[in-house]
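Shared between the two complexes below is subunit A, which pairs with subunit B and subunit C, respectively.
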Partner chain A sequence: MSFLLVQALSGLATAATLFLVSSGLTIVFGVTRIVNFAHGSFYMVGAYAGWSLIERFGGTPAGFWGSVTAAALAMGVLGAAMEIGLLRRLYRSPELFQLLGTFGVVLVVQDLTAWAWGPEDLLGRRAPGLKGSIDILDQPFPLYDLVLIGLGPLVLGLLWLLFNRTRWGTLVRAATQDREMASALGVDPARLFTGVLFLGCALAGLGGALQVPREAVTLQMDMAIVVEAFVVVVVGGMGSLAGAFLASLLIGQLQAFGILVFPQITLVLVFLFMAVVLVLRPHGLLGRAEEVPPTAPATVTVPLSTGGHTGSWALALLALLAAVPLVAGDYALILLTEVVILALFAASLHLLIGLGGLVSFGHAAWFGLGAYGSALLVKHMGAPMPLALAGAPVLAGLGALVAGWFCVRRSGLYFAMLTLAFAQIAWSIAFQWYAVTGGDNGILGVWPSSWAAGKAAYYWLTLALCGGTLWLLRRAAFAPFGYALRAGRDSGLRAESVGIDVRRFQWMAFVLAGSAAGLAGGLYAFAKGSVFPTLLAVPQSVDALVMVLMGGIQTVAGPLAGAVVFHLLKSEVMSLTDWWRLVLGLIIVALVLVFPRGIVGFLSGLRSSFVRRRA
Partner chain B sequence: MSKLPMSKLVVRDLQRSFGGVQAVGGVSFTLRSGDLLALIGPNGAGKSTCFNLLNGQLRPDSGSVRLDGTELVGLPPRRIWALGVGRTFQITATFASMTVAENVQMVLLSRARRLFGLWRPAALQFREPALALLERVGMAAQADRPCGVLAYGDVKRVELAMALASEPTVLLMDEPTAGMAPAERLALMELTAELVRERGLAVLFTEHDMDAVFGHATRVLVLDRGRLIAEGSPDQVRADPRVQSVYLGGEA
Partner chain C sequence: MKHRHPTASPLAKVLRPAALFAAVSVSFCIAANPAMAQSAPQPAKPPVTFSGAPVRVGEINSYTGLPAFTIPYRQGWQLALEEINAQGGVIGCCELQVVSRDDAGKPDDAVRVAQELVTNEAVDVLAGTYFSHIGLAVADFAARNKVPFVAAEPLTDAITWSKGNRYTFRLRPSTYMQAAMLVEEAAKLPAKRWATVAPNYEYGQSAVAWFKQLLKEKRPDVEFVAEQWPVQGKLEAGPTVQALAAAKPDAIFNVTFGADLAKFVREGEGRGLFRNRKIVSLLTGEPEYLEPMKDEAPEGWIVTGYPWEQIDTPAHKAFVAAYTARFKESPKAGSIVGYITMKAVAAAITKAKSANAEPIVDALAGLTIDSPVGPVTFRASDHQATMGAYVGTTTLKDGRGTMKDWHYADGANYLPPDDAARKMRPAE
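Right, the complex of A and B next:
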């Protein structure tokens, strides 16, 4: 009994931190409508800054709490700077650009943090005066955690006062409900938004700095917390403070007790919880339908070009690619094999984004599932390569069939969050289920059959399988199936009123895209000889998005070009430097800033200004 | 009209509230083949809500809508469409990324249950019948333009072609001529009236333009604050003092 009580209390302490961070995320979202991927970065840097300050000044209670406050305020300033430098230019962009742009910041901050504080985990000193523990029903419980438990409701109360008893808070609430109206009333939205970012990021920094006495400060804190905060915000209802509080409490308890019952799949539990909540209460526990307005479509509305001679061009390109082994060395072949695989991966994502308008933030799930499917078939069943390769799209397709059923029920940001959640489920299974997947160590020794072991032979195999699948995807895009998908994207209302079951087409597209990504994953496993959980992680999903974005959403051939440019950039340019995250992050930020309305928006803008100049 | 016209759509006591505000309160009427029935009323009278209840986009709190005796309440829009109820929207809704012809081809493909095809290009299927329909509404010359760049009145005509493509027996048109020039309005209403005569179509339409209503409708329904206050021939409705005070008097 007393053990359960202590477990519940430690769940409450977790919930307090979770609430601090997610309250900031939800406030920022409520006003700016941007889901800030970089929110976890402020938490992480807050922890690092807090660690440095506490090492220097944290000997006394005043010094300790002063350090925590200073770290939080510093993060607020950084957040305001990010609003002025980046977010301000993204408010009117499609959500894909907002998520990607802030993810670029994540990468940049990761490298800058590693540069400033070094790669080692840092252990901070304990809070002065709160080092011990007290006995609760004969079980020891850390005093510091007790303080944290009190801090959650305290912050909720202070935020409530801020939003309900101050002029500034009233203006923020007005802007949350109706941005246009607020600016019509003479509120300067720019200053308001900067202030909101200051508040939100200070809360994240506070959460981070408060962690210093509890756990090691690491470079992995950012992604871990931001994904959990996403779950809290989505479960609670996007933009709802009380919802974030309630969801934090529930998820804190879920984690505290989940670890007792299912120690292997604690992470899975959280995401499963979110998926179930979203299906039962589509707008979260305390969210309202109008909290999330329809966002700008990430896609363009010009007819896809069939390209008169595409077929002959494709054949010529294929012949050219097939002839490469006659002249190229092993290294070039390895690189080219990877490019071809990634082209299929990117094209499969393009099917969802370009045709369906469905921005998936977890497409790596299917790539990784295919890779793991092949590797597991080889490792545990001794399957030959052809069978293992055939298993990859099947397994990924089955996974996408289950996840897709949930995901296509929602659109826009919720769809992105759901796909992210399922990718995290897949990732945590690969990461936590040690006995089967090898966890962190991955699965090694996944080599091709002897007939395909040569670099040229495997390259030809990859080219044939990927080329064939790409051709099928292209046919599907221009067949009635692809048109029905676009019809649902262009106008769901009209599509439903002429007999098109939009959801069913989206679900089918999800499965099709998942299977194609799975095949790419299977080929990748044999190309590399090994699989690791990173294949299913968020950065892998983002890579695919960047490839699609680089190539341009408007053409079916776009993702192929994007894959070539991106992979060569990543393997050739970024391998020259240890700071590849910094470089990649800056590239992503530049991409979304230069093309804030999408690449086609950019092109049509160029064209119309050209026309104006001639007139 | 010597034969007894067939009752296509029978609406009985349709009700729908939004958060305590009754938008449609007990509306009943009958739509027969060959009818060009106008539903008019001041802004906020509940006309669009009424339409959304009829085509399944909204579910009524109570009441019944029967098409040739089949209950429609509770069916999703695409099922109601499949039973023969076409619809055009007040705010135009077409597939902006497709050409005019492809928009119509999509409806034809959907009607033929060929949407799940993964192989043959959609643009090559049902092109001739699509062009014939576009010819009928005067849009054949623009068949290969992207729908996203059309003038508003042209989009309305494409919508009509899309609605006709499924060979409906009932057509619901929400403000079919809104945003059109007077000459265009006249042409579209004449076309609609022609279709009603030719195919025995049953049309229900809402309209703000009184010339369109009183010049073409065979019967007129007047809705005010969610309730029908008058029904009859255009002349009867025009002469009705309640209509004059509530609608014509209030608005004019």
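Right, the complex of A and C next:
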């Protein structure tokens, strides 16, 4: 009995940290609709800043708590600076474009932190006066954790007062409910947003600084927390503080007791829980239905156009690409093969985002399933390459068929997080099912058949398959299927009133996108000769999103350009410098600021203004 | 033109706030930490002239993914490289050149980088890697492209056994070897009830599996009463410690490391998990893991590690002196691994008298070199080096963790005989 009580208390201490970080995220999202990918970075830098301050001043209780507060405020200032310097310029860009900007910030912060504090893990001082433990029913329990448990509700209470008893809080709530109306009534959204970013990032920093007495500060903290914070936000219901609190409590307890019952499935427990909650409750535990799905690109003004001469341009490009092996070396061919595969991967995601208005955070699931589909066929059935390649889109398509049925019943960020949940489940299966997938050591020896073993031959094969699939995807975009999909994206209600079964079209699009990504994954497996669970992991999904957003979501060619630019940049910068994340992050931030509509969006904007001027 | 283009604003106006943001972050970081990591000064070029064409080594590691472990490793091989070239290079005629690349912690990036090194940089040998899955991916690439590959740090048994190949050799003692070293000590303990805690991936799982199997062989009376499998990097310290304590074990076998280990130790001390219990722990004695814990480093744990300041053979003392002079910091376990890796590569090339793949592979099989930790042989049977590890007990000295009562466990004594090892490898 006493053991269970202490276990529950441990869960509460975990929940407190989780709540501090995710409350910041939910406030920022609720008001600004920004998917702040850099939230975990503020948590990490908050921990590092807290560590430095606590090392110097943390000898006394006043010094310790002063240091924690100072670190939190400093993160608030950094957050406000990010809003003024970067995000403010992106409010008129397509939704989610800010995600790309904050992703750039994540990369920059990772390298700057490593540069400033060095690579070693830092173990900070314990909180003065709270070093020991007390016995609760004969079980020792750390005092500091008790303080944390108290801090969670305290912060919730303070935030409640702030939002319900101050003018600023009222304005923030007004803006959360209806941004346009609030600004129509004379509320300066820019200042409000700066304040909200300050508050949100300060909370992340507070959560980070409070970890110093509990655990070592490391460079991996940012990614470890941000996904979990998103889970809490979505499970609780976006924008709902009480929901975030409730979700933190539940997830904290789930982790505390989950390891007793199923110590082996800790990898996926949280995501299983999120999937179940989202399947049962469309808007999380305490969230409210939104009138407009928040991430639908409702502001898209220019309809897709087939463009003149696109076909001949594409053929010319294809001919040019096909001629490359005559002049290029092996490495250039390998790089190009990867670019072509990733272009298909990005294009398949674009089918969902650009046409369907469905932002997927878990697209790597289908890429990875395709790769594993091929590899498993080779490994366990001894299948020849053509058969294994054919298996890739089939397995990925089947996976997408099942997951899609659940996912398309949700919209906006709930859809995105449900796709992420499925991707994580697929990842953990690949990671843990040793007998079949080889676990994290992957499957080796997935090399092409002898006729395609040459670099040039495999490149041509890739080019043919990807080119053909891309042509199909483009056909789909401009076929009635594509129009129906876009109708559902722009106004689901109107589309349904004219007899379009929006969900079914979205489901079909999900399967189509999944199969296309699966083919890309199968080709990737044979290009690399091995598959690993990293192919289904979060960074792979993020890469796909970055490619699509970088190119611009309003054009069919956008994701292709995004894939080319992102992959070439990354591989080139990586071979030039160890600080490639800094360089890549700065380039992304600069791109976002210079091309707020993506690269291709910018180019077509240039062209149309040129045409208009001539007319 | 009345129409306003959001993209038409001058570049400078757009970039200024971004620059401001960057400047703020940079100045903040500097303000927060005045003692910033300084890069080591470049040494003067050695005044050696070479008569032959340089031999090139392609080096791959997770420099951004795990800098705490890979930067000391890089400094280790840099030191070795400088020594090699100052002494006339390889084969007595040629400069040894290293082209180093980051793999971003991803196996697919590592394979691409390996391809780039082989085709664009024309390297003759590949070396490096830290993570097991990346080591395996590069090993597979090496076999297919017939390039010699000296895997430095990956621990998985598969790289030399079940997935072994002609072109791949591994230096560091494997998971099996280190578990076997610890079992020898664990079997001497009176403890009968054991609990295990290990990160939930291949390294943790095979370490626990070997430990269980080998300990049961020596002590059929022990039982394993609890196991915890935290996610690597995400250990829920409080609940994990509590769950282990609830099983009331006599002793605990720990495989967690890095930030997880620090959390586990802190929470375990706070909750009295280690009171009257023996802890046997893999790798915990390495300075990479002990030093960050400062005066909170656990005492009395039986560990494998690297007590660099106490090893007083002349060869090791010379290594420590050179390393400390060159980098102004003490060596880590990664440093010695990096150092020996590069020395082994150079020795293999010199023995082969060639920069070609097949002679180098033949030279590596059975190659013995004198290293700061003693003689190391790459076994011809399974391509595993006999580099050992230091087994001892952790203790606190002058406010920091170190090892006492240690001995060097030579890897050769913890490997299965040649025939048995050869049987575990795929047929060539």
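By definition in this document, the second predicted complex is superposed on the first by the 473 of 615 C-alpha atoms of A that agree within 3 Å, B and C clash if a C-alpha of one lies under 4 Å from a C-alpha of the other, contacts with A are read in each partner's own complex, and residues count from 1 in each chain.
Throughout what follows, a contact is a pair of C-beta atoms (placed from the backbone, for glycine too) under 8 Å apart; a residue touches a chain by one contact, two chains touch by 3 or more.
This is a predicted model, so every value here is computed, not measured.
**Student:** Counting only touches as set out at the top, which of subunit B and subunit C does A:Asp490 meet: first, second, both, neither?
**Tutor:** A:Asp490 sits against subunit B, while subunit C stays out of touch.
**Student:** Of subunit B and subunit C, which one contacts the greater number of residues in subunit A?
**Tutor:** C
**Student:** Just to be sure I read the superposition right, which of the two partners does A:Arg409 touch: subunit B = first, subunit C = second, or both, or neither?
**Tutor:** neither
**Student:** Quick check for you: in the superposed arrangement, does A:Arg503 touch first (subunit B), second (subunit C), both or neither?
**Tutor:** So A:Arg503 meets neither subunit B nor subunit C here.
**Student:** Contact-wise, after the overlay, does A:Arg173 reach subunit B, subunit C, both or neither (first, second, both, neither)?
**Tutor:** neither
**Student:** Check whether A:Ile334 is in contact with subunit B, with subunit C, with both or with neither, and answer first, second, both or neither.
**Tutor:** A:Ile334 contacts subunit C only, not subunit B.
**Student:** Between subunit B (first) and subunit C (second), which does A:Ala479 come into contact with in this model arrangement: first, second, both, or neither?
**Tutor:** So A:Ala479 only meets subunit B here.
**Student:** Quick check on my understanding: which residues of subunit A belong to both its subunit B contact set and its subunit C contact set?
**Tutor:** none
**Student:** Given the complex with subunit B, which residues does subunit A contribute to the contact?
**Tutor:** Those in contact with subunit B are residues 299-304, 306, 472, 475-476, 478-484, 486-487, 489-491, 493-501, 505, 508.
**Student:** Can you check the complex and tell me which residues of subunit B touch subunit A?
**Tutor:** Touching subunit A: residues 55, 57, 76-78, 81-82, 87, 89, 93-99, 102, 106-107, 109-111, 114-123, 125, 146, 148, 162, 165-166 of subunit B.
**Student:** Applying the document's contact rule, which stretches of subunit C touch subunit A when the two form their complex?
**Tutor:** Listed in rising order, the residues are 1, 3, 5-7, 11, 14-15, 17-18, 20-22, 24-26, 28-30, 32-33, 36-37, 63-64, 67-68, 71, 101-102, 104, 106-109, 111-113, 115-116, 119-120, 132-133, 136-137, 140-141, 144, 156, 158, 163, 200-202, 205, 227-231, 233-234, 236-240, 242-243, 246, 258-259, 262-263, 266-267, 270-272, 291-294, 296.
**Student:** Can you check the complex and tell me which residues of subunit A touch subunit C?
**Tutor:** Against subunit C, the touching part of subunit A is residues 3, 6-7, 10-11, 13-14, 48-49, 52-53, 74, 77-78, 81-82, 84-86, 88-89, 92-93, 108-123, 126, 132-133, 139-142, 145, 214-216, 218-220, 224, 255-257, 259-260, 263-264, 266-267, 329-331, 334-335, 338, 431-432, 434, 439-442, 444-445, 447, 524, 528-530, 532, 534-535, 539, 571, 574-575, 578, 580-581, 586, 589-590, 593-597, 602, 605, 609, 612-613.
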